[in-house]
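What follows is a pair of complexes built around chain A, which joins chain B in one and chain C in the other.
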Partner chain A sequence: MGDRFDVVVIGAGPAGSSAAYNLAKRGFKVALIERGRKPGSKNMFGGRVYAKPLEEAFDGLDKAPIHRWVVKERLSIVNGEEYVTLEYSGSGGKSFTTYLTDLTDWMASKAVDAGATLITEVVVDRLLIRDGRVAGIVSGSDELEADVVVDAEGVNRLVLEKSGLVERLTPRHVALGVKEVIKVEKGDIEKFFGLGEDEGLAWVFMGSVSDGLPGGGFFYTNRDSLSLGLVIYLEKAVEGMKRHIYDMVEDLRIGPLFSKYVENGRVMEYSAHMIPADPRAIRPPRLVWDGLLVTGDAAGLLINMGYTYRGVDTAAYSGMLAAKAIEEAEGDYSASSLKRYEEMLMKSYVGRDLEKFKGVHDLYMNPRLFKEYPILLTGLLRRLYEFDYGGYRLSEAFSEARRGLVSLPRIILDLLEVYRKL
Partner chain B sequence: MGLDIIVGIKYVPNTTNVNIDPKTGTLVREGVPSVVNPHDLVAVELALRLRDRYGGSVTAISMAPPHAVAGLEHVLGMGVDRAILVSDRVFAGADTLATSYVLAKTIERIGRYDLIVMGQETIDSSTGHIGAQVASWLDLPYVYYAIEVEYTGDGFIVTRELEDRIEKYRLSKPALISAKMYSLEPRQVTLRDKLRAVLERPIETWSNKDLGLDPNCVGLRGSPTIVSKVEFTPKVPRKNIIFEGDLREAVRKLVQALVEEGVI
Partner chain C sequence: MSSQAAGERKRRKIRLEDLLNNNIWDVDPRPHIRLDTSKCRDCNYKPCVLLCPTGCYTTHGDDVLFSYEGCVECGTCRVVCPEEAITWEYPRSGRGIHFRFS
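Up next is the complex of A and B:
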């Protein structure tokens, strides 16, 4: 083909759109290739985005399709009908809820406005390798050459796999996320949660909701809809999963936590996606090769902080840094020159948080967190609050609640681990 | 000597869960993502195969609001050479008669063509009128349920598949055919063609300024069809009965319940 681009970006998600936008802004001729019908049609997230890194990656974030700014956070430990909830109300303004499809579409449109060429409905099959370096991409029988390629293909990184740059994903690498978007009446969200018009709630929960498997749930308020979903870590689910995940989500929707919010709602959308589970396992051995940079979920940049997830901001930020590194490389797109991207990324908050929260995944592999402790905690509080005549002292309630469940030394060790890893 | 082919496409809401406005009886299209009518993609595939075999060109036409440009980009990505979006406010609210009139006039304005290919019907209205009506306006021979076309130089041999037989027709050119739904697997968009669609944008937009049609013959005013009533199939609440016990016993209970309900 006669058309030649400076840069080809694989995938018009948050990482790819950010890379394309920041490159086009710097005068690079960029092709942004997306397999979906439009940007965002193939991706999925829980429901919230941290704003600051996005503001850095894109100008004019105030024009983005933002639904609600999160001012309320809830964390619940669930044991069947019982649950313990911790709620935090603050001034908010740090993260917002949205539909990722719309936000991604906006990001890609920023890239197009900046001069990038968006090509949708095209699947990139593999990298074009010439003389041992990445020289473009191959789609079907077509090749598209470029000086440098940005891989932003997402968690299911088939292009990298086919090129032999990363190992195949196994259940250990990924979790499964399933989500329902439930439309509710206008004004319901404000009424239910005591929120202002553009204020939102983020809610994560764990325990019996995942049938005792490593994982948890999330709930976010959009403009006039609710996002409710589950994440199950596949490593343990392969053997431990007893029923379909959609039955688990259904139970969640009609269960004690959420039924009152969604009973008059209508399920508008049902989606599922793979989620990078253990950032250390999924991270490619390197993020740059000759002529190639890897960004976003493909680089394993989703961070599970234990009490919240973030992936959209880290993806967009990595795309921006990739663009910066390409500019600074001044035409030398060898791995040693592009290494600057990996350095900048690892020195940024993305790399720092990846390091900080690297233990969370191990913590999640502790089955007691999802089974015994929710039982213990709800049992403890039940004894403290529900009595007819005489009540319990805390120590009494505690030792009774944990009897036959988990030993005291075990609890102390687990607590220490939680403390160390969170 | 190649074949110049015109193919008609419609950009339709991509849903089986169609919402109807109870007042007007028309489709609610808002908020529903659109796609090229899948049966039209069969027509596009047939046209592209003929072009690939005999040479020539394929021009896609669509009468639609401006957003249908994405649908035209899709077929350009499949390999269609040129696209024309026929778009004007006066064309809005058209029934099949007014639509086929505008399409026929568009085809007349294109001028040079050997063959017109349409889809069998659309997924959002399923009338199957357009092919026959355009053929009537243009006074062309018309065969529908076509599964195969052979070009003979002065015309076509068209194979038509019916439920119980296959028929072969000899048509003089130019002619119009409707491709039988599901008869061909539409090809995927390719990088090369999509890139060309995006970079060269071989899409023209024609309004009524270009066509100069009498406003009384197009759009809502040119549409004699009246939707007098829309009736919905009644919603039957689920009974939520689970038949337990061993398989034989459960099936027996199920059959019994179905008989009692008058289903079987």
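Up next is the complex of A and C:
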């Protein structure tokens, strides 16, 4: 490699490409290092991105590979063949669906256009440490020196772990997402969901789909394909899995909610990726060291709001703030100088929402949310809607549905918990 | 075939190996995962077997059999292994999974 750079960025994902783009724009000599054949080839997500923070991180988002703007949101509580759905239709336009592989490639191309040097097919093995500070990166027998390094290596963060800056990931830190992308006929999505040609649907669901384990499913409409998948929190899954995760995802595809949409479709790709889970557990003790800033999933910057996830926008935003902090450091890349990055990040919507929604993870560890309550809710609505002669009053249906399942005081306590944490 | 029979056929699961055939890999001839199988015999739950999305881990009696070729590099096996029996690296220089529509 040989050349010397002002900044080396590890990983051309949403965080790294954003950092590289915003640094190159400010005149820094940047190397953006990606282990894949091209940017995006190792990236995977559920299916949607919130646009506003991305617009701030990248100019010209209107030229990005956007599939559909989400105008319809669905939330379903599932119990076997039965499910209860809440649907919201609004003006939309705040988030869009896409393939993260394409969006990431676009982000990296923006960085390259701004002057960053993209180096693909290089795995960073560890940080180059000199005189107790980060001075570049090491890949095999190659060293690449830089004044400062931005770590955007993603959720597995092997580099940080090998450098002893974070502890080894445990099941509490992460959740596993598995997805099928299914090609459908042109026009099917508009027909199925009553959408315009650039309008999209986002659908999340929980209950029996995760076999009672903390987790849930997602379904997004892309241009002419559907993304269908499942997230399982590993903390409870290590001992709680009843069958193979592939079986659980396939049961979604052929199950009552989705088979009618995908039965004429063709699977295009089967992918999996981990996401940060408990934000307090996975956040590194600090996000800056002498000569190093940590961004994106490696920094645990994923926000689970309970009914939607945000990770791509927060990653890109953190990359942008890392670039700002590097500029403001004016050559002093000590931890105390780079601390500005952590301060800006925590004061931004990313830090505020991480704090605001930190309790959601505790809520997710309540097993009743995924087992007893879906049974209760579907049982209640079944009694209200399905009758031959005499019907139920709400209170009758409720007490019958919850009989033997969960006590009234327990429900009240859990509801209070949901109210406090969501 | 009647339309009902076609519907039944469509509602059957796709085999995992057929699902994986939709993906593109450039397999690193040098395994990027190493498994110390001697640690697997005494492992009670063997969580890697049900949690590896691509089925890289299977059981044979008390033993765990393993292949790295279908790995999509999610890293789950390393995290869930209670015995820390898995040495897990990324495949070298652009090898491994190549996502296109994810």
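We take it that the second predicted complex is superposed on the first by the 420 of 422 C-alpha atoms of A that agree within 3 Å, B and C clash if a C-alpha of one lies under 4 Å from a C-alpha of the other, contacts with A are read in each partner's own complex, and residues count from 1 in each chain.
As a convention for this text, contacts are C-beta pairs under 8 Å (C-beta built on N, C-alpha and C of every residue); 3 or more make two chains touch, one makes a residue touch a chain.
Please read these numbers as outputs of a predicted model, since none were measured by experiment.
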Fit or clash - chain C, chain B, common chain A: fit
If touched residues of chain A are counted for chain B and for chain C, the larger one: C
Partner chain(s) touched by A:Ile119 [first = chain B, second = chain C, both, neither]: first
Which superposed partner A:Lys179 touches (first chain B, second chain C, both, neither): second
Partner chain in contact with A:Leu376 - chain B first, chain C second, else both or neither: neither
First, second, both or neither for A:Leu127, with chain B first and chain C second: neither
Partner chain in contact with A:Arg37 - chain B first, chain C second, else both or neither: both
Which of chain B and chain C A:Val155 touches, first, second, both or neither: second
Chain B versus chain C as contact partner of A:Ala64, first or second or both or neither: neither
Partner chain(s) touched by A:Ala111 [first = chain B, second = chain C, both, neither]: neither
Distance of closest approach, chain C and chain B, by C-alpha atoms in Å: 5
Shared contact residues on chain A - chain B and chain C: 37, 41, 120-123
Chain A to chain B touching residues, read off their complex: 1, 3, 31, 33, 37-38, 41, 117-123, 139-142, 144
In the complex with chain C, residue positions of chain A that touch it: 35-37, 40-45, 99-101, 120-123, 155-156, 158, 169-171, 173-174, 176, 178-181, 225, 232, 234, 237-239, 241, 243-247, 250-251, 253-254, 259, 263-264, 267-274
Contact set on chain C toward chain A in their complex: 7, 10-14, 16, 19-20, 22-23, 26, 45, 47, 49-55, 72-76, 78-80, 82, 88-94, 96-102
Residues on chain B engaged by chain A in the complex (per definition of touch): 33, 35, 70, 74, 77, 188-192, 194-195, 198-199
